[in-house]
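Structure below; questions to follow.
When the chains are written out, they are named A, B, C and D in that same order, and each has its own residue count from 1.
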Amino acid sequence: MAAERLRVAVLGATGSVGQQFVALLDGHPWFEVASLTGSERTTGSRYGESCHWLLETPMPAWAREMPVLPSDPETAGAALAFSALPADQAREIEPRFAQAGTWVCSNASAFRREPDVPILLPEVNPQHLALAAAQRQRGWKGGIICNPNCTSTGLTVALKPLQDAFGLRQVFAVSLQALSGAGYPGVPSMDILDNVIPYIAGEEDKLEWEPRKMLGQLDAGAIHLAEFGISAQVNRVAVTAGHLVCLAVALEKPAAIERVAQVLQDYQSPEVSRALPSAPQPVIVLRTETDRPQPRLDRRTGNGMTTVVGRLRGDAIFDAKMVVLSHNTIRGAAGGAIFNAELLVQQFGLS
Amino acid sequence: MAAERLRVAVLGATGSVGQQFVALLDGHPWFEVASLTGSERTTGSRYGESCHWLLETPMPAWAREMPVLPSDPETAGAALAFSALPADQAREIEPRFAQAGTWVCSNASAFRREPDVPILLPEVNPQHLALAAAQRQRGWKGGIICNPNCTSTGLTVALKPLQDAFGLRQVFAVSLQALSGAGYPGVPSMDILDNVIPYIAGEEDKLEWEPRKMLGQLDAGAIHLAEFGISAQVNRVAVTAGHLVCLAVALEKPAAIERVAQVLQDYQSPEVSRALPSAPQPVIVLRTETDRPQPRLDRRTGNGMTTVVGRLRGDAIFDAKMVVLSHNTIRGAAGGAIFNAELLVQQFGLS
Amino acid sequence: MAAERLRVAVLGATGSVGQQFVALLDGHPWFEVASLTGSERTTGSRYGESCHWLLETPMPAWAREMPVLPSDPETAGAALAFSALPADQAREIEPRFAQAGTWVCSNASAFRREPDVPILLPEVNPQHLALAAAQRQRGWKGGIICNPNCTSTGLTVALKPLQDAFGLRQVFAVSLQALSGAGYPGVPSMDILDNVIPYIAGEEDKLEWEPRKMLGQLDAGAIHLAEFGISAQVNRVAVTAGHLVCLAVALEKPAAIERVAQVLQDYQSPEVSRALPSAPQPVIVLRTETDRPQPRLDRRTGNGMTTVVGRLRGDAIFDAKMVVLSHNTIRGAAGGAIFNAELLVQQFGLS
Amino acid sequence: MAAERLRVAVLGATGSVGQQFVALLDGHPWFEVASLTGSERTTGSRYGESCHWLLETPMPAWAREMPVLPSDPETAGAALAFSALPADQAREIEPRFAQAGTWVCSNASAFRREPDVPILLPEVNPQHLALAAAQRQRGWKGGIICNPNCTSTGLTVALKPLQDAFGLRQVFAVSLQALSGAGYPGVPSMDILDNVIPYIAGEEDKLEWEPRKMLGQLDAGAIHLAEFGISAQVNRVAVTAGHLVCLAVALEKPAAIERVAQVLQDYQSPEVSRALPSAPQPVIVLRTETDRPQPRLDRRTGNGMTTVVGRLRGDAIFDAKMVVLSHNTIRGAAGGAIFNAELLVQQFGLS
């Protein structure tokens, strides 16, 4: 890396994912935040004034005084942008940045289903980054790279070693998702105290599709979806951070549970992403206690970038059951997009 | 029913399920509490003194002054006993009552797997009560009737109409269970605030077996387990009452989702249990909103005796997905045992 | 009472206090809901469609099909209206109803500081109702009656017997207030899970003034504020319902703590309000356990209309300390306004 | 400091405060954990096996393999011991260590009221350490130093600058205390979800006395309690960590609120403790937002060692109101005892 850090923009910086970007970019070895953008309501103010900071770590001092700019490629002036925009705004704004030559690492769902946009998890499918080359045909000088939905993230990381070793046939996934996944103000407290909400709009569709794209084959410039079936059910629970997924998996080549454990534990990132600054160390932690992982106790494993698997055991119908935990605003959102950007910089030599 | 109410005992009356028995028996049309029993620690004191009352409704005045007796058939002096004993004590104490001529309607798991003990849900399998006749061969003048595990309860009620109409092939069940299911003191608050515990000791085994007994055939004095497979995963969440189960079901004869909805909605108790005092009215409520049932809002449906089903939809792998809610300390514990006792009295003419 | 029930309107019926009005008026012996009004957004729809029902008891069947009307005296067509309007709308709309001849029992704060508008607690100051006669001078054919802020309510009920018996000198009050007091959507869950918010806008001013009006003397058509000082600090906590106030009181005539207990326990409503349908039975319950009252366990005492006092003990600086609990959406909001309406009907012979 | 780190013991290391000691001593520049002691139940096992780790940061690797020893001075073999023992055990065990030549920095309340045992907050009353010299007269070669109750801690830090600048006359304090203050298993979840418990055994007595000792004068080898009055009321709330205190203060010399703010903000540790490794930087943070401090957002200020004050405003009865937040298991327990030990080492040259 050059001694000089790359100047980056955070789009939609005042929301809850935007804040997580600001927190995680504080002291990043490669990136320096050059601009923060916000909605019309906040544009023109200082970030420290207009941002209702929700994190337990204090707002970095440098962010406090930065002006909130409009989400415009000209004023943002950065070769790399992190997008924490809502999906509808992302659909409008991200292409403008791509057109203008900026690479956008987006947390929004807007472009995930586009055939030339990769959904990337560098510890799973870094080779899918090549897909983005096709975006030149849109006339873009930059491009758009997506990270998956926060719940798809941990799910896909846990499935990858199983796919590699045994092949996947069918997957049942039931999630217990944290409140921070809904942004801010998000879920009203009267709706969740002493309660569970067994529904999140649009979420099940994402869980049943995104892992199949990420675990699909890139062939002749197109991704062929992985063929296994996924059935997803989602729930919102009273947890601040950390999405839990209860998983049952049918394998192509059934295997003893000890073998499944071994494969999960031994999993390593592809070489290309292994040493990136945000690479999870290790990718997967396999807990062997009867009652782990738990969101409050385990979500910060590996600085919130590690996927924690536990309760691995046989299943009465499929081959294996397990519980997967992933930090939804770190690995599943801002941290994931930063990890993607590191891969991008390393591969494309962005500067 | 005779104008005179039947005198009943509550065994283990000071614990959380015991309290629920006391609350639900207050004003019961058929039963009158004649004795309350407790552990050595509480024996000899007044119930109002030694019971750390946890319910939102006040302790009935009549209970306050009753003495806490030892769990002994002679002193308890009742033809019918409700058992809220822990499993290990139930194994010792319940047979003594049965031997002495008392019918025990037990919430404990101790005898559920005995071949001559029925696990009863009167709206599902009242005919299994006949099984108890075989207990005479143990030399018992009374007997033991079990209600299922609190999570098995709602699960089995929801499966019954599907079994009747379409046959069951496979069932995936993931539960989100309330704190009151763990008794008192139960789950430490530091373990569950801002957290989920993806484990409850022994629970998954119960969920994978009990429904198959209840939905099995009684033939020649023995129950043949229903043949469908169940895969269960359980979680403890920060909810005071109301167990939620996310369910995916493969049917023998696949059916359109509208047909499944119809069958759930139309389900009626067998005639024999339909008019009992605690019979749920209706047995099942099918919610059609996108985000129901929810524990806080729906657990008291039908005075906590109704099973609430919602989010019924197709499934990518099986035939149907749905969410089932059942009040764990009412339908799933004390209310269920009382309902069983009503069936027993009606069928056996106990007095 | 006449056999015919009085037709009433609920203004702002779709919000959280509006819903509580609908629930409490279901089966009311004197009142029958004739119309429900809402904001422009909901006007024209059925109540069952546009109201996001938040209560644990189901929406009454009669309400489900009622149309949501604009908050207009002509279409509402009722001699009595309950107002659950936000303060800014109440300031506009309530006078229009009063002008048109409707009596408005308001839960809003808009008119509480008007010299001719009583803040009423029928078990405390029913004689203040006479103040409303002066509203004729505004040209109103009806009038406006307020109930106090939800936290002022329990506080004032607890202070009344002490004022009567000993006189009040100074009061320190620190509240722990429930989420339902903030309406819906109200407090975001990310702001209150694993947290306390030591601030509620405008609340401390109300607590330091309203009790002095309610405990003041009505003399020559005007209220002279009670002269004692109140210092209030407020907090929002993760509780669904039930406001707790920690109270320290300096008395004019210091008294032994047993005497203070006696006076609290013996307190009775003035005769005029004692037998009204919503009158709390009893007005005050004094708990003698070390750790009561508690919101979850005690908020429904006396159907949520009773004020529960506990932890009464001496104080190192003042004369007595105690904890006061009052159900904020029942006694402190909808139930309080209905109780006021009952007094109004009884005194003014409304029909 | 010598390059060699001082070998220390943690007494009662498996409990929740014991764990916090282990976590905070990980990487401490002066101290190295030489032994961990536990109850009979855990003695003989590895710490990693017998300790139910509750913290969000993982157990340090070095601790995992250490044996749990009995709480005995001979086997513990350390010149300095941190005590996380329960009060009743502390009363027996701590003197044995003191006798044997160990200095005990205790979090237990057992010896706080002894006239020759200082209750120390190095940023408040480091000069009280001199009191410990009198312990020689007990025949002890070491001694006992206490840190205050967790709630007394933040309260006393906030009062100190006010005492210095204006003198204190009277203090009303109402606490909202976190669950971790009750240890483990501590508060049952069924007691606190959707609830507040307005009582903690023995706590109010401590709050009304300990600050007066710490803010008292050391004169001729004895402490003269500060003369101001304190009235304390305590509550347990559903928060994992961070005790909040609502404070109203009457000053000897009344002052404008801006002056009070200045004095709080400008407060500095006495020189002697200012540069110790655990010294809070700064001692007090004064927040000026309307709604801070909040436990979840502010408890980690200054690594959990800083006292956060906010909502400073005038008072209707006294001179000033404010809200004080202190991290109960860091500044108020393990971190406080370690800070005391640092002062002890620096002053007494322990090695």
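Before moving on, here are some points about what is shown:
Following the convention adopted for this analysis, contacts are C-beta pairs under 8 Å (C-beta built on N, C-alpha and C of every residue); 3 or more make two chains touch, one makes a residue touch a chain.
Only a predicted model underlies this, so the values are computations on that prediction, with no experimental measurement involved.
Simply put, of A-C and C-D, more C-beta pairs touch at C-D. Across the assembly, the mean Cα position most removed from that of subunit A is the one of C.
Each chain gets one centre point, the mean of its Cα atoms, and the points for subunit B and subunit C are 40 Å apart. One finds 48 Å separating the Cα centroids of subunit A and subunit C.
For this pair, subunit C with subunit D, the centres built from the Cα atoms lie 42 Å apart. Residues of subunit A in contact with at least two other chains: 54, 193-194, 238-240, 296-297.
Across the interface of their complex, subunit D is touched by residues 16, 54, 179-180, 184-194, 238-240 of subunit B. Touching subunit D in their complex are the following residues of subunit C: 170, 172, 174, 176, 193-199, 201, 208, 229-233, 235, 237-240, 244, 246, 248, 290-297, 310-311, 315-318, 321, 323.
Within the complex formed with subunit B, the residues of subunit C that make contact are 53-58, 193-194, 240, 296-297, 299-301.
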